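Below are two complexes that have subunit A in common, paired first with subunit B and then with subunit C.
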Partner chain A sequence: MMHRREWVYGWLFLSPALVFLFAFTHYPAVKTVISSFYSTPRGKREAKFIGLENYQTMLSDDVFWKVLGNNFWFAVGTIPISIGLALLMALWVNSHLRGRTLSRVAFFAPTVLPLIAVANIWMFFYTPGFGLIDQLRSGLFGLPAINLLGNPDSVLAAVIVVAIWKEAGFFMIFYLAALQSIPPVLREAADIEGASRGYYLRRVLLPLLMPTTLFVSVNAVINSFRLVDHIFVMTEGGPDNASSLLLYYIYETAFQYWQTGYAATLTVVMLVLLSILAIGQFFLFDRKVHYQ
Partner chain B sequence: MRAARRWWDFDTALNTFAMWLLAFLWALPLLYAVWTAFHPAAYETRFDLTAPLTLDNFAKAWAAAPFARYFVNTVMLVTMILICQFVLCTLAAFAFARFRFPGRSILFTLVLLQLLVMPDILIVENYKTIRALGLVDTIVAIGLPYIASGFGIFLLRQTFMSIPRELDEAARVEGSSFLGLLWRVYIPLAKPTYLAYGLVSVSHHWNNFLWPLIITNSVETRPVTVGLSVFSAIDAGLEWSVINAATLMTSGPLLIAFLLFQRQFVQSFMRAGIR
Partner chain C sequence: MRMLSVRNAVATSALLFGVATSAAAVDLEFYFPVAVGGKAADTIQALTDEYVAANSDVNIDAVYAGSYKDTVTKALTAARGGKPPQLSVILSVDMFTLIDEGIIMPFDELIKTDEDKAWLASFYPAFMENSQTGGKTYGIPFQRSTPVLYWNKEAFAEAGLDPEAPPANWQETIEMGKKLVKKDDSGNVSRWGVRIPSSGFPYWLFQGLTTQNDVTLANSDGNQTYFDDPKVVEALQYLVDLSQKHEVMAPGIIEWGATPKAFFEGQTAMMWTSTGNLTNVRANAPFDFGVGLLPANKRRGAPTGGGNFYIFEEASDEQKAAAFEFVKWITEPEQSAKWTIATGYVAPRADTWETDTMKAYTTDFPPALVARDQLEFAVAELSTYENQRVTAVFNDALAAAITGAKSAEEALAEAQKKADAILKDYR
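Moving on, here comes the complex of A and B:
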């Protein structure tokens, strides 16, 4: 009898959250896959089944490949550097160095700013002829003005710098949490054994921080798909799509060209990429993290 | 021994210097924005300690766009999301932590799936749903996709599971219902988790941009992030100092809260980050 009552209560307590969870996460995810096989409805003409046509369009869409490549380089440019800096920041902030509290504030502050505000602030640095970077270039070295955001060769790098600035302090937090859970006995033992700091870092700290590194890197990968707000302010994907990322292209396709069928197809690509990464995460983490 | 100590001191000095340098670099963009926002436009690129301080830029920005309305919208949005998240996630987390029922582990996996497939990337289909519900351009619509948060359910479930079962048996003997038990035992004991999750949630939704941009198209519903982007997009004639003042204004409440309570902020994010 008792068990039956628990069933009822379990479902009762769960149902409000599940309704919204299904309505705005699972249903749209499944619906995206279905929509990707249909044409975009126009006016009175309803969406009709067109099989793989959207996918064929996508494979021959130069912009899609360019955007996918951009997203790859954006990830490659952001993830290792922001994680490396995050680890360095955490080690410093967790040590007994003077000024560590102030440094922690400086490192973490970008995390609480909206990315859209961050983009506004950095725009001022990048403005040709007038921004701080050009002021320094002409003031110190007498170099001519450069347009970092207007040049297809430099725009992605300029956007990557902003993402690193925003993210490193956030990842620092995870390392800080991990470092504080490491028993100080290990450090003392290493000191008694006469281990150098470098040795202690390489052979003790880094292996212990491995689960954190994996967790942070998976988060960083998800973020490299998800964070596109700064593109809106800084470049709008230009010049010539050189700084457009996948989610930004999905936005453009769906809400500027109103090609919702094709946008669904692009979203499927993103879902597949994320799933592959999730499976990768599962194997990497394996027994290191237990959710149950 | 002596040489070793001196080398170590040198090492400390080097690390301290490097940390300061990086911290300075990290603070520079923000300090620069503060500098331009509080000085007349003439001092945008001239660093002079005697430059006169002014609040004109803030006044100009405030007058040039309906920021007061944007702030009201954002505060309403963030409050609504937080209250709904607390209620829904608490109930769901309690069910996962304390009841046995068929389908529990599958459902929990489906909840965790949201950590990966976030509403942030399902903009196309979610827009269709909101349009079908007739809620386009409402504040409710901005919040709806986020109120059942997989992250919140997960975090609270972990906390609830760490509460010893003896406590609920004691309460049950005294004749408490499940809701009474939740209200009197579980929620009070999980206060730090609520604080942590609340801070993370508020800062996340205060800063959210893409979904609000898609779903709103009027002054009455726009949150500050979208308002700011609209404001700085009409950049013809707007001085940088004014844009920077607007930028600081929109992030101001969070930034000030962070500077005042930075220890709690960092600890909250840390607590929310430990999985």
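Moving on, here comes the complex of A and C:
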């Protein structure tokens, strides 16, 4: 009797979380997969089953391949640098320097600011002619105006910089927390043994930070697909899709072109990609991560 | 269905007990976008408040819905979710999309009296081209604009040009542009001759060039485009040459939003932008400026642009009637004059220009008349079925040519092929 009642309580406690999880995560995900096999409903025309047609369209869609390529470079550009910077900043503000709190706040500030608002400020930095960058370039070095956002060769790099600036501070917080949980006795022991700072960093700190690195890198990978707010403000994916990323293209397809069937197909691809990457990371890092 | 019958029941009982009707006000939700600088949002809100204060039987909730793109997205999403607004200002070119989605209604059902018919006939035909299809009227012109040429008279004088004579044609744009380009000591350009912005929706200003080259971009049924026409290629080549060959315009994609600012800062001596920016330029340009028709080539020409009022199918009959009354009121000459003066949008009816308010304004500020005078040469803005998709394809082609990634001919041929693929279902 008692046993059965506990079972009921268990489900009761779980149910609020479960309801939300199913309503907002599992149901939409399953529905997306189903929708990807249907045509887009329009007005009085119902969606009809079209099998793999959306997937065939996708394979021959050159914009899809372009945004996928862009997303690859966006990931390559943002992930290592933002993690590296985060680690550097964390080590920096973890040491006993003056104005430590101020630096921590300064490094963390980009995370708190809404990206849409910040993107508008970056727009001003990048504006050719009278933007901040050009004022510095012509004022200090007498260089000509440069149109970073209006050139397909530089636009992706320009939005990558904004993403790194936004992300690094966020990851720094995790590293900082991890650094503070490392017992000071390790440092003392290393000092007694005569280990150099570099040796201590390489053989003691970094291995102990591996669980954090795993967590941060999974997040960084997800963010490299998710962080598109600034694209809306700064470039709208232009010129000629040179700065468009997969999620931005999905938004365009779904909510500007109203090709919801095709957008579902693109979403499935993104889900699959993300799952593969996340699982891959766990396997790759598994041997190197030691949980205390 | 049940909702509808409940509504009908309410309506019927309201009719039976006449007293109740005056007490129960009709609620309307009204989305509006803002696409230009200045006081557009405040003015719409003020006009709406004025109307509600004078008409106790209606409540209008005016909702600022973001840019044009945001507004149509918001309206379509709300309609798909079963809660569309009753009234919205949306781009005139989204008409086919809204019809295709089956969420707007033709105004013809609401136009009954001769007075209404006269009202409908009072709008400029150039604006109605984008508002009617298949013999029905789906949109009522409201915040409509057309691109015009703004020039900096001081820069013209400095370059030894007549400050009262802007370029009249393509060739003069190049010649004057070359004189207007100013370089600093280290050889960097500190002022460009002309600025035709190309970010976001380059097709709109580009349509000025194609019209001047005497070619249309799409048919009026909205199911056939002519992107690869040699005259379109020629127009794009001209645009590309302005920066690549003649070096009178900055290279690369030129930001739309920063264009007025660049003009104020003296970074460019001329700019093409919407008349919707007129009041903004008047308030902020620190120099004497002129406003003129876009330069001609084979002919004069410009697209129209901007937003129309749409009434949504889902609304109840009372809401439709109330929305219609509001649209009639806000497009009346007096209100329309206030709106034009506050923003610079072109008053869409001839009689607005005859009001005392408007006459006083144009006497004080003659450039406001330029947009009206250009309407004679204006054509419908590019609009097709699946409009956002087709224009995106076209915009990508323009961007590819402007940035030098593809030749004008190659980019446009590709765009035409893609547009054909999208539109084949609508033929």
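Throughout what follows, the second predicted complex is superposed on the first by the 281 of 292 C-alpha atoms of A that agree within 3 Å, B and C clash if a C-alpha of one lies under 4 Å from a C-alpha of the other, contacts with A are read in each partner's own complex, and residues count from 1 in each chain.
Going forward, a residue touches a chain if its C-beta (ideal position, glycine included) is under 8 Å from a C-beta of that chain, and two chains touch if they have at least 3 such contacts.
Not measured: the values here are computed from a predicted model.
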item: Subunit B versus subunit C as contact partner of A:L247, first or second or both or neither; value: first
item: Contacts of A:I182 with subunit B and subunit C, given as first, second, both or neither; value: neither
item: First (subunit B), second (subunit C), both or neither touched by A:I50; value: neither
item: First, second, both or neither for A:L68, with subunit B first and subunit C second; value: neither
item: Dominant contact partner of subunit A by residue count, subunit C or subunit B; value: B
item: Partner chain in contact with A:I81 - subunit B first, subunit C second, else both or neither; value: neither
item: Touching partner for A:L201 - first (subunit B), second (subunit C), both, neither; value: neither
item: First, second, both or neither for A:V269, with subunit B first and subunit C second; value: neither
item: Partner chain(s) touched by A:M210 [first = subunit B, second = subunit C, both, neither]; value: neither
item: Touched partner set for A:T32, first subunit B, second subunit C, both or neither; value: first
item: Those residues of subunit A which subunit B touches in one complex and subunit C touches in the other; value: 127, 130, 255
item: Subunit C contact footprint on subunit A (complex, rising order); value: 42-44, 63, 123, 127-130, 138, 142-145, 147, 149-152, 235-236, 238-242, 252, 255-259
item: Contact set on subunit A toward subunit B in their complex; value: 3, 6-7, 9-14, 16-21, 23-29, 31-32, 35, 85, 88-89, 92-93, 95, 97-100, 102-118, 120-122, 124-125, 127, 130, 132, 135, 165, 169-170, 173-174, 176-177, 197, 215, 222, 225-226, 228-229, 232-233, 247, 250-251, 254-255, 260, 263-264, 267, 270-271, 274-275, 277-278, 289, 291-292
item: Subunit A-facing residues of subunit B, complex; value: 11-12, 15-16, 18-20, 22-24, 26-27, 29-30, 32-33, 36, 45, 87-89, 91-92, 94-96, 99-102, 104-105, 107, 110-114, 116-129, 144-148, 150, 153-154, 178, 203, 206-207, 209-210, 213-214, 224-225, 228-229, 232, 240, 243-244, 247-248, 250-251, 254-255, 258-259, 262, 265-266, 269-271, 273-275
item: Parts of subunit C lying in touch with subunit A, wherever the complex brings them together; value: 69, 73, 76-77, 97, 100-103, 184-189, 198-200, 250-255, 257-258, 261-262, 265, 267, 386, 388-389, 392, 395-397, 399-400, 402-403, 405
